[in-house]
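Next come two complexes, and both contain chain A; in the first it sits with chain B, in the second with chain C.
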Partner chain A sequence: MDYSALYISGKLALISTALLLIIAAPLSYFLVHVRFRGKFFLEALVSVPLVLPPTVLGFFLLIIMSPESLPGRLWHTLTGGSLLFTFCGIVVASMAHSLPYTIQPLKTAFEKIDKRILESAMVLGCSRFNAFWRVALPNAKNGIVAAGVLTFAHIMGEFGVVLMVGGSIPGETRVASIAVYEYVEALRYREAWLLSGALLITSYLVLLCVMYLNGRPAPHEA
Partner chain B sequence: MSSNVQALERFPPLRVAVAANFLMPMEEIRRVFTGETGIELQIIAGSTGKLYAQIKHSAPFDLFLAADTKRPRLLFEQGLVDKPINYAKGMVYLWSTEKIDAVNWQEALKQIRTAKVAIPSPDTAPYGEAARKALHNARQWVQIENNLVYGQSVAQAFQFGVSGGVKAAFVSASYALSEQGRKGSSWLVSEAGKVNQAACLILKSNYPERATRFLSFTTSMKVQPILQRYGYQ
Partner chain C sequence: MKLNAYIQKKMHGFTIDLSFCCQPGELLALVGPSGAGKTTIIRMLAGLEQPDKATITNGNTVWLDTKQGIELSPGKRKLGYVFQEFSLFPHLNVEKNVAFGTKNQERVESLLRLFGIHHLRKRAIKHISGGERQRTALAQALAPNPRVLLLDEPFSALDPITRKKMRTDLARHKNMLHIPIILVTHDLEEAHFLADTIVPVVEGKHAPLWPELCPSSVRDDTSKSGFSPFDMETSNLGPFPTNPILPTP
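Coming up: the complex of A and B.
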């Protein structure tokens, strides 16, 4: 059996989740606390990958990452390689696809924080950044972990987008969900069962984890 | 010899993009080739059309074994691959999951008329294109069109049959004559003609020498018994 597929899925999910949390945490905080005209449009834009068919997103990414496009050429000058059909490429693709799955729980977590403690912090001389870094983030800990777990799970199940920009190259871009699809097509049901079983167990554990975290009170409420 | 094999093992495996119909013989050829040369191969199977699109978008493959001659030629004209060579000639079969008593494929189709029949997508799979041509030539297309289910490749069309989703499928000889295929019955679709399959070296390959070595191996006499066993010429 192709164990590398599980490894690739895990590695992809870990790296993309970490990068997404770094990007999404300040973005979500911004969306919760900063008011500006047209915020509504930005919020909708951020959620587009939630409703867009993965193949449509994959198609756009295929065009954007192609060596003939501007971003593709830029990447080529920076790294000397192509983004398409590489591990870096599927990291970018799964980040684009999973962004709303990270943003939503983070926004909820930031909204739950009592505004008064943020205001108190600023009255006591905290800068806006420090209020985010030293007050909001620690208080949103459960939400951050939940966002991470949910994003991780979503990327483990990534299929359409990764197939379109990754092309199922063993040991590089063939993730577990694609390997299952190809095992079924090749009538290798035993391997398909094994991999599917592994994915089922991971998914269940992830959900248990999320439910446990959501059920626990946030630190400042305790 | 052993030091030679060790020296070669330091290279990453060659990446061979293979049309789905050729997957089973390819697995056998890989065993023989790797045993003989120590060169490891990584097989990426899919429909010819999909692999063609990926190569056009600079997928990191070393070789392309297509199910037609058209797409390797197009890649050659675009300067992406070396001159293609023909490596196999395949045939289209109508294969049914059950033992059906029929003298030819048209007769068999009549018997299963109301059931679903799988065909590889004619746009991406050359065997599907050939099957469609045969259905047109035999004036069967109009009657059967509404019962057709499209698989992305020969492999998927066959899998639809094995999993019980359809009663019959248009596939390559390699699947119709496989162990699983022989559990049902199959008929040659002569109207589809022979499917010429071409292979080519991708010019971006980092290991053109080893890739060329594999290419000449696939056209050598050594693989002929394997090709014949899977119904290729």
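Coming up: the complex of A and C.
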């Protein structure tokens, strides 16, 4: 069995989840607590990956990352390489695909926070960013962990987007779900069973974590 | 330093149009029925809501001047604000809540002692009573040494006995503060007990005859407290205080 596929999936999920939380936490807070014109355009944009078939999203990313496009050329100038068919490429792709899965639980967590404690922080001298850092983040702890766990699970099962952008290079871009697909195609059911079983157990454990965290009261509800 | 405010804002169904002035050491109560716009007024003073037209100054500092386009953020106004239901930080203990807006640990210590919550300093907010929360909220508001104190129905979440006790406590602490204090309340008895100046507000405007204009609502209110505003002139709480800056009724 190809254990490296499980390792690549885990590494991809860990790195992408960490980066996504860093980007999605302030973005979600901004979407919940800041009123601005055309807010729903931005909300719809970050939710597009929810409704777009992964292969279609993967196709767009393939075009954007190609050496002929501006972002592709920029990446080449900075690193001397290409994003396509590399581990970095699949990190970017899985982040783009999982962004709404991270944002939704974070938005729910920030919506639950009483607006008055944020106002109180601002009256006490905090800037908007400080109120986010010192008050909103600690009070959205459960939501952040739930978002992280859900995103991790989602990326562990990533298939279409990764296949389009990264192909299936063993030890580089061949993730567990692609390995299962290839085992089945080659009629190697034993390996497919083992890898699928590992993914099933991981997903179940992740859901248990989320349910446990959702059942726990947040600091402001206790 | 004196607080001067002129505020205008269009609301649903009425327009807030009010001006008042509060001297250092004075407690000015904005009193009126629910939905009169009192909380909106105090929120505009704090910079948490935008008026359509306003001039708010604290001494020589202009907090807001819509004509000149000057606006200080809430944090830069250096004010203390106690919200309707105490908005303490649930993830912090009593001491950290009080210290949130200041780095002066000595002041935090003395406020914890002054408000009788020093023994609770390591307790989580969820593990203290309503009265203790109220005292923590007051200490928190006073910790950064504010130039103005805003109190938005600070006793509304308390039971009647604690409410009375807290009222007495505030009256005592008030004398130690030499800053303008604005209190928002719908309780005339509370306003009479605490305030040096009462500004009755109905539908966002100064309504000197409010108690007489709304007898039923006031009677309902006072039936619980045992105080009748109709006896105001003769009650032992003293006559209705007047502010020389406000037009006399």
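Everything below uses one rule, namely that the second predicted complex is superposed on the first by the 222 of 222 C-alpha atoms of A that agree within 3 Å, B and C clash if a C-alpha of one lies under 4 Å from a C-alpha of the other, contacts with A are read in each partner's own complex, and residues count from 1 in each chain.
One rule holds in what follows: a residue touches a chain if its C-beta (ideal position, glycine included) is under 8 Å from a C-beta of that chain, and two chains touch if they have at least 3 such contacts.
Being a predicted model, the structure only gives us computed values, none of them experimental.
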Original post:
In the superposed arrangement, does A:V135 touch chain B (first), chain C (second), both or neither?
Top reply: second
Subject >> Touching partner for A:G197 - first (chain B), second (chain C), both, neither >> reply: neither
Original post:
Thinking of the overlay built on chain A, is A:A121 touched by chain B (first), by chain C (second), by both, or by neither?
Top reply: second
**OP:** Determine, under the contact definition given at the top, whether A:P53 touches first (chain B), second (chain C), both, or neither.
**Re:** neither
Original post:
Can you pull the chain A residues that chain B and chain C both touch?
Top reply: none
Original post:
Okay, in this complex, where on chain C does chain A touch?
Top reply: 46-48, 73-75, 77, 79-81, 83, 85, 87-91, 100-101, 126, 140, 144
**OP:** Would you pull the chain B residues touching chain A in the complex into a rising list?
**Re:** 15, 20, 23, 42-46, 54, 57-60, 153, 155-156, 158-159, 162, 180
Original post:
What residues on chain A touch chain B, complex-wise?
Top reply: 62, 66-67, 82, 84-86, 167-172, 182, 184-187
Subject >> Footprint of chain C on chain A - complex, ascending >> reply: 114, 116-117, 119-127, 134-135, 138-139, 141, 219-220, 222
